[in-house]
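I've put the structures underneath this note.
The same subunit A turns up in both complexes below, where it pairs with subunit B and then with subunit C.
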Partner chain A sequence: MTRQTFSRRGVLKSGAATGAGLALPTIFTASSAAAFTNAPTGSSVTLGFNVPQTGAYADEGADELRAFELAVEHLNGGGDGGMLQTFSSQALDGTGILGKKVEFVTGDTQTKSDAARASAQSMIQKDGAIMISGGSSSGVAVAVQGLCQEAGVIFMAGLTHSNDTTGKDRKANGFRHFFNAYMSAAALAPVLQNLYGTDRRAYHLTADYTWGWTQEESIAAATEAMGWQTAEKVRTPLGAGDFSSYIAPVLNSGADVLVLNHYGGDMVNSLTQAVQFGLRERQANGKDFQIVVPLYSELMARGAGQAIKGIPGSQNWDWKLEDAGTKAFVKSFGEKYGFPPSQAAHTCYVQTLLYADAVTRAGDFNPCAVVEALEGYEFDGLGNGPTLYRAEDHQCFKDVVVVKGAENPQDEFHLVEIVEVTPTEQVTYAHDHPMFAGGSLGECNPGA
Partner chain B sequence: MLGLERRDLTILIAVAVITLFAPIILNPFPTGSALAQFNAGYPDLMQRFVIFGIFAIGFNILFGLTGYLSFGHAAFLGIGSYSAVWMFKLLSMNVIPAILLSIVMAGLFALVIGFVSLRRSGIYFSILTLAFAQMSYNLAYSVLTPVTNGETGLQITLSDPRILDGESSGLPVTSLFGAEMRDTTTLFVGPWSWDFSVGYYFCAALMLVAFYISVRIFRSPFGMMLRAVKSNQQRMNYTGLNSRPYTLAAFVISGMYAGLAGGLLAAMDPLAGADRMQWTASGEVVLMTILGGAGTLIGPVLGAGFIKYFENIFSKINDGILHQWFAFMPDGLENFVVAVIHPFIGKGWHLTLGIMFMLVVIFLPGGLVEGASRVGRVFRRRDRKADHVESDAARQRAAAE
Partner chain C sequence: MDAILIQILNGLDKGSAYALIALGLTLIFGTLGVVNFAHGALFMIGAFCAVTLQKLLTLSVTTIDPERTDFLGNPLKVQTPYVENWFGPEVGGTIVDWAVPLAILLAIPVMLLVGFVMERGLIKHFYKRPHADQILVTFGLAIVLQEIVKYFYGANPIPTPAPDAFRGSLDIGVWLGFDPYAIIYPYWRLVYFFFAGVIIAAVFAFLQFTTFGMVVRAGMADRETVGLLGIDIDRRFTLMFGLAAVVAGLAGVMYTPILSPNYHMGMDFLVLSFVVVVVGGMGSLPGAVLAGFLLGILQSFASMNEVKSLLPGIDQIIIYLVAIVILLTRPRGLMGRRGVMEE
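This part shows the complex of A and B:
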């Protein structure tokens, strides 16, 4: 131990020196203070695309990334412009956003909330991203949306279908173009009634996380309203792989419909195994046994192969729709990559365009100005018909596509056929609907 | 000073200086230059460096001193995070109560898990801890969803009670008596920019305290007992000493370190997910400790920094960036070089890390610290025979295996 002596003069001196040292950095920062996080200063603006590149949703993530690249190309005036021509707002002219060239950074969410937040955090802090988009799981979307709210950047949700994203976990800085579980149920119920009648008993197998819960709740409510009964609701862990132990009890449950609230690889496995168990050839309560998959995608249909034939479900968008926007998008995507886009790609592409358009109309990158420009915004020409970004919960309201697995697909891109397009009015709900209650947007946060 | 020998004091001061100037040291390349890709000096990553440093320091107290290899330490990290977020939800956004609760909760869990697991040693101990950690993970993931919010992760919301704080208009942020954790001052000097963040310095201060306590434990009679457990527990038992209270104490202390790390993670970013408890996270801290040098003081911190750097920097290099770097080459050669490097970057960062880990274990069994001391010896031939604390520990470890 060394003995030290403190003199009054010494303490005063060193105290003053420390104080001056600590205060020094502030003289540099006074002039550089910006009004909001990551205000673009140079000739370019950076967007962050945070998608699952590894894990159960990697296929969706890869397709989302393709769509983002295409969107950036079109914004910068490259390619054939895609949906820029069909978009009802003609504010975007192919010179980037407000004259700044669009650049982007990518990251891997690993479909884990923690990793997704770390990745988004590095985009915001290191790369100066002013908007984050992407995500292929509602858990991740909710987590990243929270982060963007805190950091003061805009979050344009990609593929996320849980009611909670714009329900109890809604945030002022977050926007969702994709449809949600409630809309799926509202669109699907009349179709199911036509197909299978009003006297049915449903058995639910549900992925055990936010999306599965809200999807199960929505479907059960919608089918019970038309007279169906719910035999049982069983939760399965995400990424379980083997579902046979969950499917065996279905046989003797007295149910005659199986609802699979699964997505991605889980849905492929559970559906294939249910078909292997011979569920579709069975009779229960004097009726043919049926399987329903409320949320569908072409990528999943490809994975499930033969098992998907004739199985009904819903989609946000399908590349076989006949409107001008869809045609323009499918054309430029097909020319660049050689196959049609998935609905995940579509929603990510549209979200990027909507963000760029909102900034241009507002004339400002400030997140609060963007929020103002997007709230209550009505647009058309982006593939879903007339669409409204509702101000109360930042959810898009548009038509929903009801589909079923094709009986005789002509190639691997026609595995799904459109049954009907459910009009917007039928899937619209009040923003304080009980299934969406408990959240509040709060105030927009520009950060800094 | 501080009850330390001169050598240990030198290490402590060196660590203190490095953490103090880390925002500058980690950003060696000017912003906007091509090499800026390798800069690691942004607040989120620096916070991770020191937080996982704390985690590894704590793990090293158990593994480095007693030789008990726990494969379930991530459970304590997760418990710390959940406790902290619940404190933010119920009590206050101040980080102090949150961190205190996370340390206490992790300590309690460590006491229970340690009491059961330490009845066995060697591989059986590792498997028991692994089983406990997987149990915690599955509980958090699906069974206890009302407490943990399952896969989505526990987050703060506007409607939380937060008894001590008043109403707030937006989502509140974590703070230390008013100093917001996310507050960052950016200093521009010429082409460089350096971020000084409140959250980082808060974590860094706690890491220094954690490091200091760990040095004291290493040099104490208690630490000596733990080393004795490692070298020959049976002989120790024959002399009439009951070693279990010592190992249990070490287990609880390292669990509390993990809880502190978990609490800090939540304090920097108020979210707790079940992923944090997965066995891969437990394996990661084992890698950090071995990579840096188990049983050495500074090794685990180095290992933690090394792994987090790879995870966050290498995983973000994509083909586009590679093409930029090699644009000077003729097209065919450029594509070839990019194709060769491709598997090692982006989502292939695990592969690069695996190779580095193999090289270190084969050629530097004492970890990065041994590498540093070998380099040091080349430059200081005179004291080749002089005893150095770190190489000493590394040698002891090699002898014990």
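This part shows the complex of A and C:
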């Protein structure tokens, strides 16, 4: 039998621990003394960068982190200032955000929704992050956006291309600078018509998750509108590796175009294998067989090697654009890291500046003030020409870059060449367009 | 008919990879009694031997071309591979082009060494431990190995093309009386299928027709008795671990033009290869090979649109469904031996 003893010090310790424990569940509303979650009280403000540091998109995540680091450096007055010099707003002066030094924490999404939510939650709860950004997958972006809405912090999405992010899953606290599947299709369709005519039969291989579904729906609708037929739509598991058993049926399907709604490693493998199966050398319906990859990236082009030559696709941005903002960013990034930035890096850098600018213009870190400052905001000088953050769905509207794989690249940084820059008007759609229906922003949540 | 033939061909090359990995797994299990979850990582390391050789062969001397500029507007640094400087552009270019087949020469000693270090340094300490411990430690080792590879090579797939002579595809359909382009099959996949056949035949011949192989087979059947005869069976089993590592490594080297290597590729093949081993019968080498090809072909058939329209999602579960059916009807697998993994 044991005899319990109580001391005054023990009771005080236990009481303090119990009090802290009871207070813990109210973490999202712990700043009730302040008006919103994680209101900065000291001389610094913390941003949370949630990117894939492991998993199939780790290289893109690494490039995103480089861009975030560069953006923070520029916000705090370091380096050459990058796009701060070309940004139309000029509200940012290199003294941090509202005079507070910008600090950041990072999390690993692992390209998995549950891991991404857990790391974002940790950054909000433990590190006091007031804004979350990053991501290389729409599944992750949708999940983290939902979490940020519940927690009362702003989510500035990184690379996410599904229509759903600013469609059925849009949230008041979430903002997307990156373009989407509809915009890719709208920009790409006229180019495809010029290249391959109006009498084509397309066979879709599609990654079986939110991004793939909306990409397939968008590109099929756009190509059917110009007269193409859709021979087949086949869903492939994410990370299938060997796509040969999905590619072989294309040979006898009557199709003369293969649309690869794949991204990252899946795109590298499916494209490489489609070329190995001789699709690009064969004829179908009396025409040369063609392959289309609606969403491109320089990093993917590097993975696909020679298979990418001549393949058309679309990008949110490309480092070879000639505007002043792009040149300033490429110079800053290139001198710091020794190679040009990817489009994933660009969108993350821009989102960080846009958040800082919105806070500065609002004069307040309150998420609802930031939302108000960003809604309907028009800006320029960040690499995409004049851009609008539309109030109704928090989607940026700007030019889209149509590209194709270079036939004779001069080096590993010139694997993609720009075909045309599609103007904003051509890729703009109504906020209640059927492909984006079923969602609503809801109310801004400050978390208090 | 042509669609069925295409899927059989597809299944053959996928089945070749499964069979080669499962063969190594079975060798290790049959000799050492170890369930080696790091075997997929050996396949991946083999693939990265090809990547490494490709990188070594393209190591370049840098010269400045003042006429051209880089992306920052500075004078362009032109990279010329050393092998092209040493042997001339034509011979040097051919050597670089043949990096994947040449990587076999690199992979054999590397994989032997990796297998030896892995077995002597870690796995031998787990011989007498439960299978669960072996699975945990080898699975952990696999994760460590793939993270090391990711640290040095990144996470994205790295293109490692086949030599120019094997690019393109063969119109098999014309030979069989079908229309042109009805049955197309890439040259390299045919090479892989024949390569797998040669490796499998060599392993069987080695076990069947050499004294060393005879002792190993005897050890697999009755380890204690062979030991009582004064034969150092442990040393031979260590060499068999090395041999299994070489088989997995060579399978990985030659697979790189089919699937651009990434650090995770071993894990993708590992689970399926274990199912192959179980379906073939634990400890049965012919069973592993048979089940490898069988499941590869079945997986290909399950990916046909006609099959998927009848049974959506069947392509994802077919291998596991077959495993369940086989284990229910033949608990020891297709060619399993009595007493293996049985109390």
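The criterion applied here is as follows: the second predicted complex is superposed on the first by the 416 of 448 C-alpha atoms of A that agree within 3 Å, B and C clash if a C-alpha of one lies under 4 Å from a C-alpha of the other, contacts with A are read in each partner's own complex, and residues count from 1 in each chain.
Throughout what follows, a residue touches a chain if its C-beta (ideal position, glycine included) is under 8 Å from a C-beta of that chain, and two chains touch if they have at least 3 such contacts.
Every value quoted in this text rests on a predicted model; they were computed, and no experiment measured them.
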**OP:** Identify whether subunit B and subunit C fit side by side or clash on subunit A in the overlaid structures.
**Re:** fit
**OP:** Identify the partner contact of A:117: answer first if only subunit B is touched, second if only subunit C is, both if each is, neither if none is.
**Re:** first
**OP:** Would you check which partner chain A:107 touches, where first means subunit B only, second means subunit C only, and both and neither mean what they say?
**Re:** first
**OP:** Based on the superposed arrangement, let me know which partner A:91 touches: subunit B (first), subunit C (second), both, or neither?
**Re:** neither
Original post:
Which partner does A:54 reach: the first (subunit B), the second (subunit C), both, or neither?
Top reply: both
**OP:** Using the superposed model, determine the angle subunit B, subunit A, subunit C defined by their C-alpha centres, to the nearest 10 degrees.
**Re:** 60
Original post:
Should A:438 be classified as contacting the first partner (subunit B), the second (subunit C), both, or neither?
Top reply: first
Original post:
Taking the superposition as given, does A:418 touch the first partner, subunit B, the second, subunit C, both, or neither?
Top reply: neither
Original post:
Which holds for A:237: it touches subunit B only (first), subunit C only (second), both, or neither?
Top reply: both
**OP:** Kindly classify A:303 by the partners it touches after superposition: subunit B alone (first), subunit C alone (second), both, or neither?
**Re:** second
**OP:** Quote the smallest CA-to-CA distance from subunit B to subunit C in the superposed model, rounded to whole Å.
**Re:** 5
Original post:
Taking the contacts subunit A makes with subunit B in one complex and with subunit C in the other, which residues are shared?
Top reply: 54, 237
Original post:
Can you list the residues on subunit A that touch subunit C in the complex?
Top reply: 54-59, 232, 234, 237, 239, 241-242, 244-246, 248-249, 251-252, 264-265, 268-269, 272-273, 276-278, 281-284, 299-300, 302-307, 319, 330-331, 334-335, 339-340, 410-411, 413
Original post:
What does subunit C use to touch subunit A in their complex?
Top reply: 2-3, 6-7, 10-11, 13-14, 68, 70-72, 76, 147, 150, 154-159, 161, 167-169, 181-186, 188-189, 257-260, 262, 264-265, 268, 299-300, 303-305, 308, 315-316
Original post:
Which residues, counting only subunit B, touch subunit A once they are in their complex?
Top reply: 1, 3, 39, 42-45, 48, 141-142, 145, 150-153, 155, 157-159, 169-171, 173, 182, 185-189, 195-196, 269, 271, 273, 275-276, 312, 315-316, 318, 346-347
**OP:** Could you pull out which subunit A residues touch subunit B in their complex?
**Re:** 1-2, 25-26, 28-29, 32, 53-54, 105-108, 112-115, 117-119, 121-122, 125-126, 138-139, 142-143, 146-147, 149-151, 164, 168-169, 171-172, 208-210, 235, 237-238, 438-440, 442-443, 445
